[in-house]
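Read through the structures below before going on.
The two complexes that follow have chain A in common; it is paired with chain B in the first and with chain C in the second.
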Partner chain A sequence: MTLTRSFTYVKPGSLDEALALLAEHGRAAAVLAGGTDLISWMRDDLVAPEVVVDIKGLPGLEAITLVDGTLRLGALATFSDVLRSPVVSAAFPVLAEMAGVVASVGIRNRATVAGNLCSAVPSNDAGPVLLAADALVQIAATDGERTIPLAEWFRGPRRTALRGGELVTRITVPLPDRHGGCYLKLGRYRGEDLAQASVAVLALPGDHYRIAFGAVAPATVRAAAIEESLEGRPLDEATLAAAADLVPEVISPISDLRASAGYRTHMCRVMLRRALRAAAERLADDGPPYGERLL
Partner chain B sequence: MSGIVGRADRANAMEDLRHVGRSEVRIDGLDKVTGAAVFVDDMDFGPDLLHAAIVESPHPHARIVSIDTSEAAALPGVVRVVTGADFPFTFGLYMQDRQVFARDVVRFVGEQVAAVIARDPRTAREAARLVRVEYQERRAVFDPLEALATEAPRLHPGLGDYPHVPWFFPEPESNVAHRRRTIRGDLEAGFAAADVVLEDAYRVPRYAHCALEPHVVVARQDRAGRLTVWSASQSPYTQRHVFAQALEPLGLSHQDIRVITPYVGGGFGGKAGVSMEILGAVLATAVRGHPVKLRWSREQEFYNTYQRQGLVARLKVGARRDGTITALEHHLFWDAGAYVEYGANVVNAAGLSATGPYRIPAISLESVCVYTNLPPGGPYRGFGYSEFSFGIESHMTRLARAIGMDPVEFRRRNAIVEGDLLPYGALMNPSGLHEAIDRAAEAIAWGEEESPREPGHRVGKGFALFWKAPAMPPNASSASFLKFNEDGSINVTVSGMELGQGYLTVMAQVVAEVLAVPPDKVRVETPDTDRNPYEWQTVASHITWSCGNAVRAAALEAREKIFQVVHAAHGLEEGSLYLEDECVRCDTDPDFCLPLRDFVVAGIETPDGTYRGGPIVGSGMFMPEFSSTHADPATGQGGHPNVHYTVGAAGIILEVDPETGKMEVRRAALAVDAGKALNPALLEGQVTGGLLQGLATVLYEDMRFDEAGRLLNPNFTDYKIPTAHDIPDEVVPIIVEVPQPDGPFGARGVGEHTMIAAAPMVADAVEAAVGIRFNEMPITAERVALAVARREEPDTWAST
Partner chain C sequence: MGHRVTLRVNGEQWDLDLDPAETLLEALRGRVGVKSPKVGCERGDCGSCTVLLNGQTVRSCLVLAVEADGAEITTLEGIGCEGLAPVQRALLEHNSFQCGFCAPGIVLSAVELLAAHPHPTRHQVQEALAGNLCRCTGYEPIIQAILAAGEEP
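Then we have the complex of A and B:
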């Protein structure tokens, strides 16, 4: 693979050093973590950074911890880290279910969850589960830190709320006490694929549901209308059908070479019903194991 | 070969085989798993190596008004910039319709217009962007039926002047590069005699080979003028020949050109003939003394090598209620792309065989090679047979159902047998087709209901026959050299290619069998046209048969010399000698045992101190001497264009989720008549790999072009090839062995055949599962789900 354009590569050893570099170069700098998106975008000339700041040397950013009911994912935590994390599998197993269907083992070993949110392609896998869980993005810059709810993070395809000079340091997820979750992803075959459509469902006690869709709108979308329609209702066929009927109001899929808008809509309805059922059953400790293929 | 008798010949009569017919471990296996095996891209050409990058057409059809290379040439690190003005040469395997560089006209998006040679790949790529080409766009045509219309733009006004093989029939003043007709029997009477006549159209899109190793070439013209080309190729000798033809204006001939081909990382037809390698060859002549390297990116691999051609087929078949097929009419319109120098022969092959393996008294085949403004079509595993078999086999099942007969029984009644007339009038070779049908049907429990694994799912079964003949010039040939070493080991040189199929191992097994040595004492060397003898190409699934015969002949010649030497030194009758466990032994003297290593180089010392014999070598050649393309152009009757057909049958059990359209292959069984399986494990690998590749073409692979002829998915993000997750739950390879009389130990080829049945049997199984018939490939989950949804909820889908 030939990268045509030259650039300066820097690998800072501390957060302060990294932030100083980002402050100095602003939008001319790109942050390199796993590089699974950045390097191919550079190869295809979709981006042409003058400076590449490799943050893999920053201490502490790979940690996955649970503190006072909040899951913390360091910016360097990879999908494989999530898959292997005992903390995740005990406290938030739907995140591991999601990580398990991202690309291939080799990519999962490199690609980071935070990087997936920063790339912000409409088909990103991390978005739906984290959006349904009301996750927060922790950001650092030389002039201080700030926190953005994920609901305000995505601004369109490959666009986020991150400003020049800023670095995502951590994703935090305030976990509900008890929940059942499910992430379903539509691919064209069993092998690795980008999501053609995806849905994440969290089922909470008392028939509360949180739902988000991926790859069927310019950005990951929360399905508030469907959540409201389900609020307080047990999941029977009529409720599921009514929820599925609301899908076209929530999503705005396109037709492209990966799938038609019609199939995406059809599958969002099918996947919503299946994910709701599985999440509710898991809440009741009676569902299919996390990671089992439901499509 | 004559005059040789002895025990080993009885072995060759397929009794008591020691090495052939066994699943010997592949001789290249260790080198490949350890990374020791060398491919072109691994080779080190030193500091003089230059790198090339290509300037490509952004238009599907345009006149080149001007090319300005000055800015590119001025970039530091650039050595030369060349265009078609520097190399105004044409080339082509069967028809010389390709230009090394487009000169006046570009005919597909991605076509090479100019090249930059630079000291490093990055500079070359950067400079290629600085070449300014002014185009005047022309109307383009992408659909073969549209290209046949009289008002369609004509792609090749020079068609009438292109040199071509005598069995092509181009139609100047049109976009028809070749039309093959094969007509036999009274079609009208045949259809009149039928109780049911079924007529329909089938569409097959383009596909890409997706070999893991992209095309790569390094070429150097040394100071003496000699041109050496290292390439990832299936065809070293054919490349040398095509280079010699194209570069004749530079004063180069065959003896001035050397092609070296180390291991190849997959071909599937895509590395047959000459595609991008011509660029390496000409660029080397522009920078004499320097090796020049050109390596395709994955994207270029998709859009500027060969692609499997698209097909629109119109098919009409009649049958009586008793299950007899009475007539078949098949019109095939091929989207052959911008240049058809190889692809036209795919069209030709289909036009000879697009009946499928059936006995049909009245047939009319018309196979039309149509120029379009898409990348050049060309050879791809199956060589046209997969494409036409989608329609034929789909049609056979539908016709059987239409007359109320079981589709397997219908096939049994009509399946071709030895001595039946082939479409072109010659006789069918020995075949185990009926055995294959029975065993494949049994393997999927044909006729028995299966319950789905998941509630809501539906299960369907599908069944298809297949056949294929090597598509070769009538004199396509193979040759082999063999020499003994001091330790009794053997070097064999051939010019077939190890593409992953295990060819080198099988050739070693053949030598081991004849000369009674273990296969691991036989080294089979990859080709170098200066050293290794002639081979046409490693294509057409002919290499086991053809080169196997040549290698066997070389081994037999060496054995004859061994016996002559032993006779000269020891006075034993040659006819009483035989080889066993690396020794010469004698029928009439049980105590005689002479190890090969004692004399195969040094000779045998006689009592007076003189020696008999010397280094034992052997050579062998093979060419079919019965094949001919001489035939009536109007009917295709009278010749013998195909040497033989390999046949088989396959069945599938498919579980479908009607809601999502997702399909799971629970079992795929394929029975193929290999004549003789020289290495059963390798053959089973072909069955598994071929089925997987075929299933991918029907379930998800698909080349997609936009309305401007640009390929939308030249990458593995959006062109999906199977992963380990996509292997069927169960693959059942079934080997049938009805010997091929002129094959080595009775063998015939099977490599391509294993993917042909996949698409139609999936179409059958989908119909059986959800009641919907698809006449267009691929049959994706999306298409299945939406078709089911439209049927179940017509109101919801009325507007879409």
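Then we have the complex of A and C:
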């Protein structure tokens, strides 16, 4: 029941203080935001940090703002914050559609979008939408800041490009002027399950699409081959069928206790078609409301 | 190792000396002595350890007690201190529970829901309870009770 390993807990009050702690302890330090992954991983002994740095005392990191067409999500923005954000529902509603199917209310009240990307489990929900949207991860360390495109972020199950001593401070999403989006997540049952497979689609004017899949590869994957096959073509039955036929080239699912590889592949084809249609219809302001159940 | 932590639990102030490895669930049950938050799955799935932290439901098994320093915590013991809350009365009238292990978490999830949406739809009720597992009832009498509580003026 108890966390068996002892550790030091620190809650810095400023970014500089937090970065100094992370620089001092490197990989022996773990960043704590919502803790919904970190604390269960510590309980399961998957991680054993010597120092836990609680960043909830850092000012300004919970803000969700829109600046010059770019959505900024502070590292402390939770999925519930995303769901409640008028900025998100006006400018990037597919992000709220995603947040609404993450775990349960009690988890969403605590878990952060940035933390979901940092945990980087293959079934993470934030990844597909943000990868399809070409989001950027902003990182700070004592020796300066850097920005990594999400496309270079995921390095495998629970592995990211983040180095010891670094802290994710913000996720930024350069929003297209007009877009329709859709996030579909397949679970074993409705409510709170991890994804067996998920797909995010952004439809842009001119029959241009951006697509990413979750839970069907070691990391969230962008579907460049499918995007190319759809480029400039109206979404008729032949185009959709051709796109669905490319799914096995893009994903590499495994069979585990949640689903077989075959079922995941089949459902990715089904979900891709539905998500493409819904995103295209939403682009034309003629689609199902965001958050409506399409599976 | 010890951290001086102040918790406000159901309006009462508790000054505790805690090891950082102690979860909020452990501190509430073992130090403060409130027993309504239950030890269930201890991985955030079952919802039986649900408490309100500054008005929002959280999984107290996934929160360190030191993180809650200065926070306002409400457990079932803090709900309806002066007679049952309307939602508790509705749950009673609908005979909603059997063993009752999930009941504290479900009441708190319902309290959070009804505070934000006084007249929730069935879908909103189901969504609010999606993270509270009940193995006895099939949920229907629980959902009916919360909907009934939401119909009251």
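Before moving on, here are some points about what is shown:
Basically, the second predicted complex is superposed on the first by the 294 of 295 C-alpha atoms of A that agree within 3 Å, B and C clash if a C-alpha of one lies under 4 Å from a C-alpha of the other, contacts with A are read in each partner's own complex, and residues count from 1 in each chain.
By definition in this document, contacts are C-beta pairs under 8 Å (C-beta built on N, C-alpha and C of every residue); 3 or more make two chains touch, one makes a residue touch a chain.
Every value quoted in this text rests on a predicted model; they were computed, and no experiment measured them.
Shared-chain residue A:178: touches no atom of chain B or chain C.
When the shared chain is aligned, no partner comes close enough to touch A:146: not chain B, not chain C. Of the two partner chains placed by superposition, only chain B is touched by A:266; chain C is not. In the superposed pair of complexes, A:257 makes contact with chain B only, with no contact to chain C.
Contacts of A:163 after superposition on the shared chain: neither chain B nor chain C is touched. For chain A, the partner with contacts to more residues, out of chain B and chain C, is C.
Looking at the shared chain after the overlay, A:105 reaches chain C, while chain B stays out of its contact range. Contact with neither chain B nor chain C is seen for A:155 once the two complexes are overlaid on the shared chain.
Using the contact criterion defined above for the overlaid structures, shared-chain residue A:56 touches chain C, although it does not reach chain B. After overlaying the two complexes on the shared chain, residue contacts for A:27 are found with neither chain B nor chain C. The intersection of chain A residues touching chain B with those touching chain C, taken from the two complexes, comprises 2-4, 104, 190-192.
Partner chain C is touched in their complex by these residues of chain A: 1-9, 11, 32, 35-36, 39-40, 43, 52, 54, 56, 80, 103-107, 109-110, 190-192. For chain B in complex with chain A, the residues that touch the partner chain are 121-122, 125-126, 657, 659-660, 662, 699-700, 704, 712-713, 717-718, 720, 722-726, 780-782, 785-786, 789, 797, 800.
Per the touch definition, chain C reaches chain A in the complex via residues 1, 3, 19-23, 26, 39, 42-45, 47, 50, 53, 56-59, 61-64, 66-67, 109, 112-113, 126-128, 130-132.
Across the complex, chain B is touched by residues 2-4, 104, 186, 188-194, 257-260, 262-263, 266-267, 270, 295 of chain A.
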